[in-house]
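Take a look at the structure below.
The chains carry the letters A, B, C and D, assigned in the order they are written, with residues numbered from 1 in each.
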Amino acid sequence: MASQLSEIGRQCYARGWVLGTSGNFSAVVSRDPLRLAITASGADKGTLSSNQIVEIDADGRVVAGSGQPSAEASLHLTITRARGAGAVLHTHSIWSTILSEDAGENRLGIEGYEMLKGLDGVATHEHHEWLPILENTQDWAAAVPQVEAMLNRELKTHGFLIRRHGLYTWGRDLTEAKRQLEALEFLFEVMGRKRGMTWQK
Amino acid sequence: MASQLSEIGRQCYARGWVLGTSGNFSAVVSRDPLRLAITASGADKGTLSSNQIVEIDADGRVVAGSGQPSAEASLHLTITRARGAGAVLHTHSIWSTILSEDAGENRLGIEGYEMLKGLDGVATHEHHEWLPILENTQDWAAAVPQVEAMLNRELKTHGFLIRRHGLYTWGRDLTEAKRQLEALEFLFEVMGRKRGMTWQK
Amino acid sequence: MASQLSEIGRQCYARGWVLGTSGNFSAVVSRDPLRLAITASGADKGTLSSNQIVEIDADGRVVAGSGQPSAEASLHLTITRARGAGAVLHTHSIWSTILSEDAGENRLGIEGYEMLKGLDGVATHEHHEWLPILENTQDWAAAVPQVEAMLNRELKTHGFLIRRHGLYTWGRDLTEAKRQLEALEFLFEVMGRKRGMTWQK
Amino acid sequence: MASQLSEIGRQCYARGWVLGTSGNFSAVVSRDPLRLAITASGADKGTLSSNQIVEIDADGRVVAGSGQPSAEASLHLTITRARGAGAVLHTHSIWSTILSEDAGENRLGIEGYEMLKGLDGVATHEHHEWLPILENTQDWAAAVPQVEAMLNRELKTHGFLIRRHGLYTWGRDLTEAKRQLEALEFLFEVMGRKRGMTWQK
């Protein structure tokens, strides 16, 4: 699992999605009791080594490894709990930062693209995906109830954005979460580049 | 052939043309009876291994290897048959997605660029290439007659687009198909970036 | 240290931040007396070898290695002295070149982005970063007093821009300087791409 | 020399400057008699091997190696002769294609950027570079007198563009030509991206 997290980190870093030690990744190690492998705070995602991945319990306490878990560990635990996810990926990309910025909108709609089929359970390009946009905060522990309520309300979403911050997506395992991450980032780039076009239809 | 398909996958993945397990590639293994090596459904194109490539017959049945062939295998077979292609490449790039999106247009015209000479038989930049744009569907088996008719009508085209989905191109072999893929994706990027310019002539 | 400088060079080169032998990097070898390891003038940053890194003293004289230090060595020494930096990185990126170009502005403001937390001591996205923009010159030795005065006045800045030229940032060590470089270049790209959007809010 | 040409090819390919087997590179092997190592026609620049590089004489005849020299070998010979160049690099990039497209202009002006110092003999960002833009043709042998006259007239230029086609630059050796190539392509990208900005000064 450490090597898979490290390889995902390397690829996201190469694409510019986790620059400046940003982003964080987790995967479920065991369900009962809940144990999450999660990237340590401040780790360079381009060169993740196994000792930069710590194991936390359901309360976010480190139970194996040294180093601080990410400050956003509570979000990873909430998603794992609310959605039964086996892996959670969080990136800071150019396009998710820009698309989440528009004030007054609290969700980003995506429809009509074949790439939507990269999302779990989506079988047609005619799918409508609505990604909630959360306001950014520096106290995610306090925001857990609100995030959990959103996840229980927006049952069809495959991810969410944090304004001027980035994307969270998840899946049954790292393979599925990575596929969804790539599909969503692709769609963000398509939508972002279209905003720069002056004579598009 | 598996290693050549895998290398093409790796390069297309690095360029962002087959993210989220999208895209699919095939090459003719034998003509009589027709046998196609084709990427299995759901394979990560950045790390294709030989057991993610299956062999199918003229009816799309798996005759070697395990795993499902791509849901678009019928398109690969149709192109192989209608054009005598030895290899078919299908990518989902940012620019082909955007350029194919304009409603009301059923083809994309490209002319005047030196890079057009990357297309088979094109000897001058004065060439006019017209790429048909097909509507997207989730039932390509049903669409085969229409695609075949288009391929028999548009005899000069080196590829076609599927709306908000991506590009198909083909060639005598993987080397030629790859050269055409790169030439077309380059031209899409040139044309797409020009759409974003506000003071171009 | 040479291998860390070389790895940073390789990564910056791959991202297009130090093309054409542009950019230069330094790190403090000793404080008393001051010794700086700095990239030699004209070195290709994609393939830095240890013999392309020279050691200079507080007056910019080469004390170890052969080759000329960068023409901007005086800036590295000034930053090291004024800020107590352990490492200084200077890049020539597309976006820093473009954002620094606007005439009449002598600073670039960045605020509201999570990525700002990649900067030393910044704990919230609500931070306001103001990067001074210096006029370009070919005589940095003569400009040292002015740069030093700016560094002593703008005590909160994590870097500065030189108009149509590039970025300087620094840190306690190469790891911190690299993190800040990536965070700032990311933010430049976000801001630069937003300038190309015609229907943004 | 073959390995240096191959490495330059690999890097240019990775940056998307020689897709679809486009572009060609040459270097002087001997001056008297003149012998040029030049990439063979149709070679994939991402994987150049030594047997894809042929040696030609002053008349463009192959004197060593097998395969056709590039159709633009006469341009390489003309530049080598007129400028005493030791190496010539020709790329097909997105930005050189777009910037060379404007009808009615027969040169591209670049001024005020630090990156201009990547050009041989340029010691200040205040330099004005004027790159001639030639009309594209498929008969470069016939165009040699016109190109030679241009090279003898525009003595200060470090390269030229061919409309909707790409860039030629050269240098004393491959190292200098590569540095200039990177500097010019960087500047093209800066200028091209600025054209897409709607609220720039």
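What we mean here is this: a residue touches a chain if its C-beta (ideal position, glycine included) is under 8 Å from a C-beta of that chain, and two chains touch if they have at least 3 such contacts.
Every value quoted in this text rests on a predicted model; they were computed, and no experiment measured them.
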Residue numbers at the chain B-chain D contact, same meaning over half shared and different meaning under half, come out as different
Max Cα-centre separation from chain B goes to chain C
Enter the angle, 0 to 180° in steps of 5, of the rotation superposing CA atoms of chain A on those of chain C.
-> 90
Dist(centroid_CA(chain C), centroid_CA(chain D)) in Å evaluates to 31
CA centroid of chain A to CA centroid of chain D, Å = 43
Name the residues of chain D that each touch 2 or more other chains.
-> 196-198
Hey, how would you classify the chain contact layout here, line, ring, star, complete or other?
-> ring
All pairs of touching chains, each written as two labels joined by a dash = A-B, A-C, B-D, C-D
Write out the stretch or stretches of chain B touching chain A in their complex.
-> 16, 19-22, 44, 46, 92, 94, 97-98, 101-104, 136, 138, 162, 164-166, 192, 195-198
Touching chain A in the complex: which residues of chain C?
-> 11, 15, 112-115, 117-118, 123-125, 175, 178-180, 182-183, 185-186, 189-190, 193-194, 196-201
